[in-house]
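The next part holds the structures, each set out as structure tokens.
Both complexes below contain chain A, partnered by chain B and then by chain C.
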Partner chain A sequence: MLDNVLQLTVNGLINGTSYALLGVAFSLILGVTGRFHVAFTFTYTISAYLAAVAGERAGLPFWAALLVGAAVGAVFGVLMERFIYRPLAARGSANTLLMIFVASLGLSIIGRNVIGLIWLSTTSEQINSFTNAGINVGPLNFTTIDVVNVVVTWTLIIATSVLLSNTKLGRSIRAVRVNPEMSLVVGIDPGRVFLAVFAIGSFLGGVGAVLTATKTSAVPDMGFNPLFYAFVVAFLSGLDTRPVRVGLVGLGLGLVESWSEIWLPTIWTSLVVFAILFVYVALRPVQFRLLFHRFAPRRAVKA
Partner chain B sequence: MELALSYVDQILIFAIFAVSLNLLLGYTGQISVAHAAFGAIGGYSIGYLLLNNHVPVLAGLGVAIVAAGLVGVIVGIPALRLSAEWLILLSLAAQTIIIALVSTSSAFGGTYGLQNIVGLSVFGHSLTNPSDRLPLFLVCFLIVYAICWRMGESPYGRVLRGIREDERACRSLGKNVFAYKLMVFGVTAAMAGVAGALLAIDSSLAAPALFGFDQSTTIIAMVILGGMGSLPGSVIGAALLVLLGPFFERVLNINGDVTFLWRLIAYGLVLVLVMLLRPQGLLPDPGAPLRWLRGRRARAGGGSAEPVLADTALPSATAAAAAAPAALPALERNGGDIVLEVSDLSKHFGGIIAADGLAFALRRGEIAALVGPNGAGKTTVFNLLTGAIRFDSGSVVLHGHEIGGMTPNQVARRGMVRSFQDVRIFPFMSALENVMLAFQEQPGEHLASLFGRPGVTAKVEREVRERAVEWLRFVGMDALAAMPAGALGFGQQKLVALARVLATEADVLLLDEPASGIDQQWVDVMLGLIDRVRAAGRTVCIVEHNLHVVERLADHIYFMELGRITARGSFDELTAMPNLAKAYFGTA
Partner chain C sequence: MIRQGNLDRKTMLQLLGAGSAAVAGGAPLLASADSDVSQIAKYIGPIDEAHAAKGLAYDLGATLPLTGYAAYYGQVMSQGMKLAASHIAALGGPNLNIIYKDDKGGDPQAGVTAARELGLAPVGAMLASYVADLGAMVPGIAQYKIFTLDGGGGVGVFEQSKPYFYGSIAITPNDALPGVAKYIREKLPSVKRISSVGWDIGPATQLVTNQIKSTFSGSGLTIGAIELTKIGQTDYANTIQKVKEDKPDLVILSIYGDDTGYFIKQYATSGINKPLFIFTHTAGAAKIAGPAYDGVYLAFDFFDAQNPPNGWAKIFVDEYQKAYNVAPDYYAANYYEDTFVIWDLIRRVLAKGGNPKDGEQLDKAFRLQPWFPSLYGGSPGKAGTLSFDLETHDVKRRQMTVSVWKNQKARPLAYFNINGADFRIA
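Moving on, here comes the complex of A and B:
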């Protein structure tokens, strides 16, 4: 029993680490830009596929393939912001949230199915340049990729944290998050900051995707569940931009989800996250100030 | 022939999905990505009952409707209290979980689903061939369409569009926004249940793949393509996207698994391209927000807003005075008895004291003014009185009843209504609709009377329209009644907002800076109107910076600083106080 609990704890920490990275990536995008970026699924998935291509077909070493994959994800994220979201937001409609959501949903579907078409015969891509081996510590089992995942993810989360608090770019990002109009006045271009945020967020998501694909494999639908977890973590942490805190929320979610297996059959564990979200939302005071501020529909008619 | 009819069947099913989602998305402005999952509830309910219990098809359909509606309400309760993005998130979760549950449950056939739902009949009429199914599907579609049309194009739909445009303003006019949203969410989920049940009958199958996230997205694409807020548009959108499948197979000769991928890519392209190129969709709803995206505001107004206000819109004093007695039901003046009594009202936000032991009373037929420097907490007082913010301690007694703890809509229905500093007009509704929305107890705003007493509903609707025109005439805006309120100038919007507040027939009016941000000529119009409102025996409290306004209107002035009332009296009394005269009124 105790061994079981310990093993579940380890699993929870490993899964939670993945959720942490997703949450950090997503809350950065959603929190700073306010874009309901469903097409995160696409930048996520394409990162995994292209890392596989870079590793297997082009023969790059694992770490180089990881970087290539995540960088491609970042490029796609930037392109979407620049050529889809920004023009839509620039119209200043009363319903920007909806428009960007719909367009992003469209991008997400296109991306998923174009990947399905390109990889029609194989469907999944393996990343074999990393030799995954089992590790046993006493009664606990995990693998080398899990260790890599934990080390890389928390390094990145801390790096993001440092970037936000100690660099000029980071200060600009925080300024834009609080007040885009005002930051314009003090000489920060919110448009460029948005691009940077999409690059960083998509890159972080891409790293997570490559690590996940290395453990299992890259499949066209692999982005959907991560999007859901990314959403949940981002919302539960109130779109806090302090990455470490967002990361801890993700970690906690992973632990709770994993521990629930002690009492629940495995097929029900997916319900646990839903239940957490449900209870949290139900108990939440009506006024959710930060989101209110970010998503309050821009008045169509200015005074 | 049967093949062609099978497409017609499919179109009818997806038209039910799309029309119902449109009521939620286009009219009410609530984004749900779980519509196919609610369809799954319907499809699996009827499939399970038909296979295991051999119930009649119509009974199974009834269960499907109820089950889907109930699940919709359960999902909606937590999400609808919050802003839109929570609904997206929770509906995404619901979509995932519902499909995950049915595809892991052995009772529902796992990933293969419930198969071989065949040999069905309704009243002895077999449902084996597409042509057999057509009458049933057509009847279901017509019923759903009729209900959606009735809910959308009626006083009920006016409230829904009000919610889409400004929930807070809607609540301030006495509408129980949450109840409306929940009702629409439940009803549209139940309709999705109908479509899901028909889809299961049509496919002889209830499987996870029929009701997945892709399917939800497809339905959204149909609504977006057809035009949000346009029910015929949704039918066209459904038809076009359903026919895309045969188009790929027969015209482009793309077959097999690839068809499915191409279709989804096409749906995705529809979403992106419609948003970029024609956000209003094929058949735009005349009042829909997205129609106004592409710089059409000025054109639709029939000219720029500004010249209109100077000449035609300004009410001549005599005309307005003539209209006033008719429009304002004469309330009896009871020599200024107390209508609203506030005592010891306090509110702290963390360490910030927004209101500290406030005590004042509003008397019938009098105008009170809250004045004071920025940040004194004047607007907060309105928020506290109307229940937008709960106070920590104290009491607010309106007409002898404690109203502390009530929601804004309850307070409004008790007869105290506020206006907003930033107007909060419904920009994509006409000025007339803005005012019509404000009337209380309209039978057309309740489903029971909307469907049960159509005659009464229509009669009251005509009366409401006439009276709304009278109110617009009272504020001098009747000539612009048909204009989208967002296309009006700011001063005109303030007048429409005043008409809106007056039309609630609340006898306590809290007006937040009624004369700020508008030209002097408009200020005079506004003051004249408020003066007449007082003369009709209503009770008014204004927050105002403009001392000219305060001097002319206020019978009684409360001076606020840092959440406290530090001085009170008439204008002359306050200006005579040396400390106030220097700090606030200027040593004039």
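Moving on, here comes the complex of A and C:
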């Protein structure tokens, strides 16, 4: 029994680490820009596929392929903000939030199908440039990609935290998050900050996608489940700008989900995540309202 | 990105047809000039030219997993059908217009829509999959009287004896379990405890697990953990942990499609190191699992493309390889063979002066004589026989094997038939 609890804890830490990175990426985008970026599924998935192509077809080593994949995700994120979300937001309609949500949803569906068509004959792509091996420590088992995942993810979360706290860009992001109009007054261009936020968030999500695809494989639908977890983590963390705090929420979610398997069949564990969300919403009505306040239509104001 | 040997992009786009459009066969395959297609008649028996339906435009429904995690199945199934359609036309039969619908690999809503659309089209015959999309299509099949063969999942344990619906593949995993139990007893005597991992397929799950329990406990084996997974799941860390906790001597895995590959990949690094039996094989799953696929035991219908059992099967293998640059697997074989079953029924109905586009008449002709030429079994000079049980609507006999995967190939270890009949070690 103890071995089982310990192993589930390890699994929870590993899964929670993945949720942490997704949560940081998504909450950064949602918290700063107010865009409900459902097409995160596409930037996530295309990162994994392009990393696979870079590794398997172009022969790049794993780390270079990972960077290529994540960078491609970042580029797509920026393009979406610049050419789709921003023009919609600029209309200033009362339905801006809904319009962006619908556009983003459409992009995610189109993106999934385009990937499905491009990779029609194979459906999935493997990232074999990383040799995954099992590691046994006493009764505990995990793999080398799990170790890489934990190290890379927490390094990135801490790096993001440092970027937000100690750099000019980070201070601009925080300023825009608090008040985009006021930040414009003090010489910060919210439009450029939005682009930077989409680049950073999509890059982080892309890294998570490549690591996940290395463990399993890249498939067209791989982005939808992570979006759900990213949303839950962002929601539970209250769209906090402190990445480490958001990351810890993700870690906690992974642990609770994994520990629930002590009592529940594996197939029901995703319900635990819903239950947590439900309890949170039920017990924190005030914060819930604040969150919606944060979703209020917001323009990328330009001077 | 599209690889040679698979459906070309144009054809696949036509297949997808925005999910609903009828496609008149796409770009039809032509039987290669130097082939022995004309020899097929020699193996499948005389074809009465007067009732062969030469030139008849005939709509044949095909509800297959064309997209999603199980798209591999749809690809090989449709390739088998397309090749059969070209051979049937070359043999003086009808021009089959295959109307593709996408069941998305077990999406019941997609299946319901497909059955309705094909019923309203209307088509009289259909080849379906995923136990007619996990049972959701079966009421529509009965309502619209569409004679239907499921060569991918058979009739399963939960859709037996349903009107107009028949399975042309052994029920997986159930039909293979007795043979597997015999193999374990003979060749893996140290195995005492078995863990099972299988798909959650709704209410039918219990029927599958009951059979697993009864088959193995009847063979003196203990069934430990029975873990269920979601269709399309990719992360099995916690499922594998539960299996590990059960301390099994052997694990049986009744999940399908790419899911198998993900499980095997993670199982290989779990430290369990116990034999793993699976009941399906796809190139996609093998690719996903990579080197971890070596050593996995496979138990299911065995179509031996390396050594085709009869002359017709040899022509099929040669033609399939020419058309798609890859050897056919048993799904391709089943859907090829099933398309010929439909042609056989068309001929029977025409011979009696009936309307071959009427599913009811096809069904009647089927039930009068439920056996057909088969790619499986037989001898070099004669095709095998595919026969159906009119009570269960399952196949009566099907050659199956326990094999082990080694060096990109399945090496047969034992042969058996449904319920473990005719079991013999290879």
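One rule holds in what follows: the second predicted complex is superposed on the first by the 288 of 303 C-alpha atoms of A that agree within 3 Å, B and C clash if a C-alpha of one lies under 4 Å from a C-alpha of the other, contacts with A are read in each partner's own complex, and residues count from 1 in each chain.
By our rule, a contact is a pair of C-beta atoms (placed from the backbone, for glycine too) under 8 Å apart; a residue touches a chain by one contact, two chains touch by 3 or more.
The structure presented is a predicted model; accordingly, all values stated were derived computationally and were not measured.
When the two complexes are overlaid on chain A, chain B and chain C occupy overlapping space and clash.
Of the two partner chains, neither chain B nor chain C is touched by A:202. Contacts of A:128 after superposition: chain C is touched, whereas chain B is not reached. In the superposition on chain A, A:117 makes contact with both chain B and chain C. After overlaying the two complexes on the shared chain, residue contacts for A:161 are found with neither chain B nor chain C.
In the superposition on chain A, contact of A:41 is made with neither chain B nor chain C. More chain A residues lie in contact with B than with the other chain of the pair chain B and chain C. In the superposition on chain A, A:269 contacts chain C only, with no contact to chain B. When the shared chain is aligned, chain C comes close enough to touch A:7, but chain B does not.
Across the two superposed structures, the residue set of chain A contacted by chain B and also by chain C is 116-117, 120, 267.
Chain A contributes residues 3-4, 7-8, 11, 14-15, 116-124, 126, 128, 132-134, 136, 141, 143, 215-217, 219-222, 258, 261, 265-267, 269 to its touches with chain C in the complex. Within the complex, the chain B residues that touch chain A are 29, 31, 33, 77-79, 81-86, 88-90, 92-94, 96-97, 100-101, 104, 165, 213-214, 217, 220-221, 224, 257-258, 261-262, 264-265, 267-276, 279, 289-290, 292-294, 422-423, 425, 427-428, 486, 490, 493, 517. Per the touch definition, chain A reaches chain B in the complex via residues 36, 84, 87-88, 91, 93-95, 97-99, 101-103, 105-114, 116-117, 120, 224-225, 228, 231-232, 235, 267, 270-271, 273-274, 277-278, 281-282, 284, 286, 288, 291-292, 295, 299-301, 303.
Partner chain A is touched in their complex by these residues of chain C: 1-3, 6-7, 9, 12-13, 67-69, 71-72, 75, 200, 227-230, 232, 234-235, 237-239, 241-242, 244-245, 258, 261-262, 265-266, 268-271, 284, 287-288, 290.
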